[in-house]
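Common to both upcoming complexes is subunit A, partnered first by subunit B, then by subunit C.
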Partner chain A sequence: MRSKSSFFIIPYVLWLLLFVVMPMILLAVNAFTNGQGQVSLVNLRAFLTNGACLKMMVNSFWYAVLITGLTLLISYPLALVIAHCRHQRVWLLLVILPTWINLLLKTYAFIGLLGQHGLINQALQLIGLAPRQLLFTKTAFVIVAAYIEIPFMVLPIYNSLHALDQQIIAAARDLGASSWQTFWRVVWPLTLPGVRAGVQAVFIPSLSLFMITRLIGGNKVITLGTAIEEYFLTTMNWHMGSMIGVILIVIMVLVLLATSGKEQNK
Partner chain B sequence: MKRIGRALYLILAFVLLYLPIVYLAYFSFSSGKDMVRFQHFSWVHYQVLWSDKELLAIFLQTIILAILSSLIATAIGTCGAWGIFRLRGYRRKTMLVLNNVLMVAPDVIIGASFLICFTALGIGLGFFSVLLSHIAFSIPIVVLMVLPRLQDLDLTLIDAAQDLGAGRGVIFNQIVLPEIMPGILSGLFMALTYSLDDFAVTFFVTGNGFKTLSVEIYSRARQGINLEINALSTVMLLVVMLLAGGYLFLTRQHELALGARS
Partner chain C sequence: MKKLLGLVASLLLLSGFLYAGVKALTPKQTVNSKKTLVLYNWGAYLDPALIKKFERQTGYHVVYETFDSNESMLTKIRQGGTSYDLAVPSDYTIAKMRREHLLQPLNKKRLSNWKYLDKQCLNRSFDPDNRYSVPYFWGTLGIVYNDKKIQPETLKSWNDLWQRRYRKQILLVDSARDIMGMVLISEGKSMNATSSVDLKLAEAKLVALSPNVKAIVGDEMRMYLEQGDAALGVTWSGEAAQMMQNNHHLRYFVPAEGSNLWFDNLVIPKNARHVQAAYAFINFMLQPDNAARNAAYIGYATPNWRAKQLLSKRHQLEPQLYQTNLRHLTVYRDLQPSKLQEYNDLFLNFKMSSH
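Right, the complex of A and B next:
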């Protein structure tokens, strides 16, 4: 009976082997071999002894922290406000809608917005500030990346806020907690799982962005993703590119462990 | 006071969220050449877009690619979900973990490892490699959309059908398929948007011959502002809104149908 119906999933199993297992193995093989196909740690050594590479990795990590922090700062209050609104579904849909618009187009819009005479500079002039170079700066990169990621942070936070038992808040208020205390001692800890999910959803893509670094960061920002793209498509050093890929995966797994490990204590 | 503060924040946040999109669309109707000052209303950029045969061809290719890849991914993913649904214990867990690898992997990694894969397998870079990649990264989301529906399935219905002498095919087509259809449709829709939205993976596995809209916009945007892109984005905005509207309408219909039944 089992064998009869299992031909159903042959394409799926084939997909698992060809596009999940095999790419992972090949990436690892490429990372730990040299140009002659011998097993070696030359790529890892090259990465760890090259100051520029290490600096790039630390910078990439730091940018991801900044982007995630900025996104959280904007998204948490937004999720909180929406959770108190009357037409929550409509507002949520409006948060999700921009994610359905091509990433490239949203990024392209910022080339205009941040330009020398763009809207932001015009607004700055209105309040009496001199126009400045905004495009192709590190700040611009962080802002645009945060803009792109906001919906992915709002959704999980909103979900955990929505699941919150309103009676707990009422109880806190009854017991004399101020609204700040209620938030900090009750609401925030109870919505931490949502925050963690949001941080995971934002932090990992932020490490690997490479298109925004080129279009908005003007090659000033090099993330791990940019480095991989460069090694694979420009300098054609796939072994080094794969090594950085492996390092990116390791960092990713560490971040996932760090953000989800605490949950078991509760 | 608090209410006003909340309303203000809500308005501010949504102005920020939609400013770039509206800004793009607004300048697509300007007769000028940049996104600085709105000259006067004109359709000129839409005319340029309409006569840009290369871009229109790429637009068409992108749509065909999205439809093809999402249909194939939905078929394979639905079968995969059915397979996983029938597994138990550690086998099921292993399959689910492997299924989710491409969901959490950064797209740069997916692109790079697929590129190595295609080279190892001797598959040339072009439409076919891009199609395979799009199918590949869309399958897991289809599985994740279909699996919960399968778990909600009333197994006594299947037993009853078997008792009444229904064959495997009849059971799947007449009982399972209608029940999991909403999941399949969501999966198809997600696969469509994944394919339309992808840039990074395509960028890695496309050769010189084949381009999707994302890749083309990238190379044009690197050369600076071109209001033809604005016109294009306004058109795509409309397409996305129609798609979203259609999807909402479909799910709403299903919810209404469910509501009527219970």
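Right, the complex of A and C next:
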């Protein structure tokens, strides 16, 4: 029995070795060597002493926080509403639908909406407001990024809301809790695992967004993703690019630890 | 024991997998007949009708592969895994490839149409005597503006971009070398400056431009300018030519202080397999009517003087695209990697400080 299961595990192990472990090793090797192939910490020192890099790191982190916060703010009420709707599947499908469309296409659609002659500015003109600059602003960047991430936040929250035993809520109400108390003391703590999963699913990709920074942010929002692209493609300094990659991974691990730390308390 | 067996089996599978990978990744041209030509070019940088015509005329089969930056092309040719018969690097990359011995010297006796090439485009610093490269297209860096929004009298030199009236109006092309070069030339410095002080000053001046900068973009600039989303853009002449075809209010000019002059040339890499086909193709592209057709399709300036004549018969040529005096224009030199890094770091600093 055991040998059989270990036989079926081979393709997955191979997959992990080739496409997860190997790239990580290569990344680490590149990050901790210099141009001459010697082991060195020169890239790490360059990163830590370069004000621009540190600023980018703070930037990335801050924007990821903003995007995740906005996504959560929109997604939790949405999931709550869907969980109480009659045609839940239809609503969920509508939430998931945008993920079937290519990311770049969605971004281009936003360029069309936010442009100087875009739909939003035309609507503003209809009510008598002058067209304003919407594209290439930080707000636009955060909104578009949040729009793209919403499905990944709604799904885990909806799942945990759906799994919630309705009798618990009934019991809470029965024992005299107001609807706000029920939500805050009962529903929210019980759906926290879903929120955590959503936050992880959104925060981590948001750290290294780079295409949207150029297309919507007009390169006025600079994150570590932009820096990696530049180091790999323009200056061909793969060692420094890898170092930034390693640092991003470290941040992501820290975020994972921070958001899943309390799980054991249950 | 079972564990060991599993390990052996997984190792065997892994090596089988890797073998299949190697098989799949090695180029298949080796088995193909001699009648092919593997062309490695920028995306959408050749009229497809000309490929058909070439195939019909010569019987060669053309494999057209594309790249989107000199650097990625260089990496692939350096690795040598795939053998390309022709590539189209830009000036400074040609210098680099020449130094690294990645190119074959040209036998010009085999190129009967060489005589059509404009002297202006030959014997440039990146390839003296054109031992390795044949000019394919050339152009400049300049300013595109919308004449509905900008009065031409107010915009004559690079320094005019810093005027307060252009607040949040300017699009810059996302290229460290070009934008830093633009600032350097506006200060009367060389576009190939290597002095760290000059570069640092250029960055400071660039930061002073940031209130006027609307965004720093790539190919999307074409769309924004055509749709009137922005009034001004700093970009390459060829991009400008394509924009002007779609929006007649757009104008292009190269400020008098000077600018960059660039060339994209055809080269034959050292490990080319179908050299004869490569020569046939170069000669085909040098034929004036083919060169004219290609230039009309792509919109960039052709280095073929006869083709230029043919084009000017059909319609007025934009004088700013076909500058006749190239004295004030500089070709980029291939800088040290550390210098290039400095250019890019300063440019990144500027991007971060632009709010």
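Simple rule for what comes next: the second predicted complex is superposed on the first by the 241 of 266 C-alpha atoms of A that agree within 3 Å, B and C clash if a C-alpha of one lies under 4 Å from a C-alpha of the other, contacts with A are read in each partner's own complex, and residues count from 1 in each chain.
Basically, a contact is a pair of C-beta atoms (placed from the backbone, for glycine too) under 8 Å apart; a residue touches a chain by one contact, two chains touch by 3 or more.
Owing to the predicted nature of the structure, the values given are computational and were not obtained by experimental measurement.
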| item | value |
| --- | --- |
| First, second, both or neither for A:K55, with subunit B first and subunit C second | second |
| Partner chain in contact with A:N237 - subunit B first, subunit C second, else both or neither | second |
| Subunit A: partner with more touched residues, subunit B or subunit C | B |
| First (subunit B), second (subunit C), both or neither touched by A:L18 | both |
| First, second, both or neither for A:H117, with subunit B first and subunit C second | both |
| Touched partner set for A:L27, first subunit B, second subunit C, both or neither | first |
| Partner chain(s) touched by A:L215 [first = subunit B, second = subunit C, both, neither] | both |
| Contacts of A:P189 with subunit B and subunit C, given as first, second, both or neither | neither |
| Common interface positions of subunit A, toward subunit B and toward subunit C | 6, 11, 13, 18, 111, 115, 117, 214-215, 233 |
| Of subunit A, residues touching subunit B in the complex | 4-6, 8-9, 11-13, 15-16, 18-24, 26-27, 30, 74, 77-78, 81-82, 84-85, 91, 93-95, 97-98, 100-113, 115, 117-119, 147, 150, 204-205, 207-208, 210-211, 214-215, 224-225, 228-229, 232-233, 238, 241-242, 245, 248-249, 252, 256 |
| Subunit A - residues contacting subunit C, complex | 2-3, 6-7, 10-11, 13-14, 17-18, 50, 52, 55-56, 59, 111, 115-117, 133, 135-136, 214-215, 218-220, 222, 226-227, 230, 233-237 |
| Subunit A-touching residues of subunit B, taken from the complex the two chains share | 6, 9-10, 13-14, 16-21, 23-24, 27, 34-36, 75-77, 79-80, 82-83, 86, 95, 98-99, 101-102, 104-110, 112-117, 120-121, 132, 135-136, 139, 168, 193, 196-197, 199-200, 203-204, 213-214, 217-218, 221-222, 224-225, 229, 233, 236-237, 240, 243-244, 248 |
| Subunit A-touching residues of subunit C, taken from the complex the two chains share | 2-3, 6, 9-10, 13-14, 17, 69, 71-72, 75, 168, 174, 176, 214-218, 220, 223-224, 227-230, 337, 340-341, 344-345, 348-349, 351-352, 354-355 |
